[in-house]
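Heads up, the next two complexes both have chain A, just with different partners, chain B and then chain C.
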Partner chain A sequence: MNADAFNAIGFDSPMVLWILSLLLVPFFLHGQRLFDYPAIILLPVDCTSRWIERTLKLLGIIMILGLVMGMAGLHLKQSEIERIGHGAHIMMVLDRSASMNDDFAGRYISKPADQSLSKSAVARDVIAQFIESRKQDLVGLITFSTSPVFVVPLTHDQEALKSALASADVKGMGFTAVARGLGMALDYFKGKPVTGARLILLVSDGGAHIDSQTQDQIRTWFAREHAALAWIYIRGVNSPSIFIKPEDGDDSASAPEYFLHEYFKTLNVPYQAYEAENPTALKAAMEDVGRMHNLPSHYFEKQPRRDLAGWGYAIALMALGLLITAKRMEINTWHA
Partner chain B sequence: MADYPRFSQRHAVKKWRLVRWVHPLWEHHPALFLLMAAAIMLLPVFLHPSIPMPRKVYSVVFVVDITQSMNVRDAGAAGRSRLEFSRAAVRDALSSLPCGSNASIGLFTERDVLMLFKPLEVCAHFAVLDEAAENLDWRMAWAADSFIAHGVFRGIEEAKRIGASTLVFFTDGHQAPPANPKYMPEFDGKPGEIGGLVVGVGDVIPQEIPHLDEHDTITGYWTEDEVMQFATFGMADVMSVLEMEGYHGRNAPHGADPGHGNHENLSALNEDGLQKLAKVTGLTYMHLEQTKKLPPALKQSAVERKWVATDIRPVFGMASLLLFIASFFMVERPSLFREIFNAHRLVRNVFPNQRFSVFHFIQVILSKYKKGTS
Partner chain C sequence: MTAGSLVGPDQMVERDKLGRANELIHYRLDWRTSGVRPGAHVGRMAGNGAIFRGHGLLIDHPDPRRVDLRATARDPYRRMLVKIFQQNAAIPVWVIADWSASMGFRGNINKAAQIAEISDQLAWSTWRMGDRLGFVACNERVNRDLFVPPRCSRRLGMEIRQRIASAPPPSGSAEGLNLAANAIGRERALVFLISDFHFSVASLKTILQSLSHHDVVPVVLWDQAEFADLPDWGLGRVRDSEGSQEQLLWFRPSLKRDIAASYERRRQELRSVCQNFGRAPFFVTGRFHASAMTRYFLEPLRCD
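And then the complex of A and B:
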């Protein structure tokens, strides 16, 4: 048994293993009927009898071993098998600024019952579906408003991701810190081996001006971490398009989204932008991102823990059955 | 004692009348009887029996103050930053919670608490919880202010909202900007409804609050001019004429030089303030100096009992094992000790005037065993 295999097994209650000291009992006692006989030394050594005796002892030991393994809760620990599949390592950068609480028409939602129509709620819903459909991806989550908040590291833990998405609903806060959100996502990849296609998926309903120094920094980081970028721009009715140059020239304050898109194009990494004007478009965009980033990648498939206690009990019962049979065959009287 | 009884198992078993009544097999083949009983005891195991048993679990919300005063490096023995120390304490506490417990992590700045996720089961989601705690950073703060009382009250509200029973709030109690004591928020919850701890981190000796760069290296310290030294909000107290120099009811309710000597750029663990807060909210205040002190303190607070289906196969397994072991001692032959005892008694009765040692008999009988048995 090599070290790996040894680490793979575990016990629920290892203290029960102390009962193994009862193994001394079959070692020192044989549990067979005895008869008075004056001088056994005169009889020749009977090999068959010796082996029968040893077998019975062994069965007793197996019985106790099996039982104790069962009681101690022997199991194969949950393990991860490395597989190569199709998917990506996706760091989601999700906008939770106040405007995400409006609906797609850009109206403020006043009735709590209509909260599910907000851009934020729809986006979270679509992302949750996306995560569910992509079991081979590693997904992480960063949210941002005035500042970025690191929420969930890259993980297969879908339940944790959904719980984080559900918790991100509470309220948005003002402004939009896109650059710092991207920086935090890239920073997460820093120093980790590249085992799959890296994608930073930005979901926001607005852009922000990024100063040129930060622009350069982010460009360097993207190149260094080999991460692709996808931007799903949730466009309200009154918001400008990211694909159309605003008429009033190159004033990045009036339409930062267009200039952000132009900047992303200069990153020299694979980049796609989507404009989602309604929930359906948002969903389609997510699906497209999924298709585009279905590259071979390493991923770990969880092997659930396997209970071996049942086998322990079964083996014990088998040994016990054989011992009972042997006992039944025991003679009651001795004919010399 | 002419009719010295034959050394038979019958003799040994005689006093167990009740058991003997159970089955004639017990009388004639006690070892076989015990083996079969052991086998029968083992059978229910394969039906996977389980019964609901209460288990102690916890439902904890960890909230960490991430304002800049938490960057002061005076927490714990090694003088780590208060935030780093709190992170370590959260991670220690997470790994000490029993499976079945729920935990969530939140951030506090300004007046608000932001929960990262809804409570997650600590064992199944340990990796995510642990890494989220590890990534708590002062850069996530969405504002630089810290109104501690608001934060604790919000923490309690959030804990209630997501259905947790315990709040663990890490802070140094450093209020920034200074609050006007007349305008403190009122706690409108029920004290003690949410139990838990207000954990004070840092040292009570005031220290300068550092400026950090992107690698968390200290590049400087907040100076007196950079921070607000006094509360500007609200109306002033009525003061004596002497104190009223420079006072203006609307424009300068704080007098002419209210911030003089306040040193709000320094930060120390405000134990008094946190103790008061703890009292109002029904939480317990503790000054944490070693991260490992947190788990025991946490376990003294709120406990929930959860009925968990518990595997009771080991109960049957144990019964079976005991019966099996007993079978080894129930072989059809006189017990060694009983034989010694009986023989000793016999000889003593026959020769009442002679003194016999039990050890003498042990010798005799052991030699007999060597001869007569396999």
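And then the complex of A and C:
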């Protein structure tokens, strides 16, 4: 409860509150039978009796207060509590193309018992740890190869996310359709209110050429959905770097990674790119992304109306019970 | 002397055909009245008494029956001497009753009826002794309706009874008890001050001071229901008869003990104050017994 607590209280029928004037009644009336006694001065001072008298008065006031609150329909109004969270809405777009089955050295992993792990297995492990460490985030998952597959919408459910990741364990196939994966992720954000930082986390081991028409469309969507982009490029030993301009003669078809990176830079949204050449670098990149997107998000949480009339009646009933007990304890005749 | 310990078995006072008590209150004085009316008490007047006062001349007291031959023979001046005796005189007896609201407490006994009972017995006893009895009741002031001037009459007890029965119930405070002294005259009297004495020690001293010319017997009327016959358990709200004070009491054995102890302290206090003014108080906490009152008069003043 804060200083606004008074504003949070409401009554269904405030007119009933006039009955609160009855609160003065216990000060003037006691409803007890009076016995004339010749000499009060000779009675010893009895603190217990005095406290009982005060308690009975207080019980009377509490009872009236409880009843009136019950009748007036006391409730806590529906309120919106402003909350500041640190979560982001992270849509992971995970590459499941055939090349992800290779290890970082570019060898195809055929046997699961092999020493080195495939890129997709490492990526899954790292993503799983990432999800674990980001409990307050909403995370969704889309995998893509030739065409994108919508796996999990944005959720807090860690179990679901882990199961979804496990389902991506199936061997990758086909090639890398980055544009369609991004398109699906952006489409998911479409039409939803922006309640947290949006991030599309693209994890892939290669680029693909995007034609200029699609480039424009994706640029428009990014601008509309206010989504940031992070690209973790899982680079094999033989793959080209995205930061080094290729030799002349190479174009977006032969060295698509560099050109994809250049294109992402022109999106006018926050964009980071990481090159991960081994599992450790991949992990570091993921941690970096997590840090960058740990900005506070600001949202309102609705608290439903809480009816307190029942409590009022319950308190009144309790007080009334005690008062009736006291009434029953009253003596009717003076004599023992 | 405490009445409680001396009251015998609870028996009705014997009454004659007219309903008067046969048992008398034998009151005894340790002072000589200066009253002139013949009566049963030792007075200061010379006259037909039993107590020898001295010798006088026959010329001054011409009653030859009283001639004292031996004294005449011894007299060096050869005068004829006669014996002179103290005249037995009657005294006025007054009942000053407290008619304040606290006397209206109805517990085991009715205090107004108790006053009537005591006055009736006193009236009967004073008539037998040849003394005059008057009755005054006071609350804030002297109650004129209840005023009975002193006289010696067989019907007096009945009259006081009827007056009390037809009077309005006790009301007000006991502040006017010291005004009773003005109503009872200047002749030294035996005064029965009947009250519950539920007022402050200062008021008590003022009252006793105003009556210091008289021989005051404080008769304390307490009801067992005030301090002993209390409820065992329960809540009860009491209101002071003479004030607006109210108090809720949770009756329980320990409170009963406290109240009884409080009354016992009050008893000691009353005793010490009243003894300083001449007589110990006479406590009546149940039925009034004339024999207990007689014993009170026979008992020497106890100084404790």
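Keep in mind that, in the parts below, the second predicted complex is superposed on the first by the 210 of 336 C-alpha atoms of A that agree within 3 Å, B and C clash if a C-alpha of one lies under 4 Å from a C-alpha of the other, contacts with A are read in each partner's own complex, and residues count from 1 in each chain.
The working rule: a residue touches a chain if its C-beta (ideal position, glycine included) is under 8 Å from a C-beta of that chain, and two chains touch if they have at least 3 such contacts.
Model, not experiment: these values are computed from the prediction.
In the superposed pair of complexes, A:Pro246 makes contact with neither chain B nor chain C.
Measured by the number of chain A residues touched, the leading partner among chain B and chain C is B.
Once the two complexes are laid over each other on the shared chain, residue contacts for A:Arg33 go to chain B and to chain C alike.
By the document's definition of touching, of the two partners only chain C reaches A:Met329; chain B does not.
Touch criterion met: A:Pro44 reaches chain C, while chain B stays clear of it.
Of the two partner chains placed by superposition, A:Gly10 touches none, neither chain B nor chain C. In the superposition on chain A, A:Leu56 makes contact with chain C only, while chain B stays out of contact range. Contacts of A:Gly236 after superposition on the shared chain: neither chain B nor chain C is touched.
In the superposition on the C-alpha atoms of chain A, the part of chain A touched by chain B in one complex and by chain C in the other spans residues 30, 32-41, 49, 330.
Contacts from chain A toward chain B in the complex involve residues 13, 16, 19, 22, 25-26, 29-41, 49, 60, 63-64, 67-68, 70-71, 73, 145-153, 155, 157, 159-160, 163-164, 166-167, 170, 173, 180, 184, 309-310, 313-314, 316-317, 320-321, 323-324, 327-328, 330. Against chain A, in their complex, chain C makes its touches with residues 101-105, 107-108, 196, 198, 200, 223, 225-227, 229-243, 245-251, 255, 258-259, 261-263, 266.
By the touch criterion stated above, chain B contacts chain A in their complex at residues 29, 31-32, 35-36, 38-39, 42-43, 45-46, 48, 104, 107, 114-120, 124-125, 127-129, 131-132, 135-137, 139-143, 162, 311, 313-314, 317-318, 320-321, 324-325, 327-333, 371-374. On the side of chain A, the complex with chain C involves touching residues 30, 32-44, 46, 48-50, 52-53, 56, 326, 329-331, 333-336.
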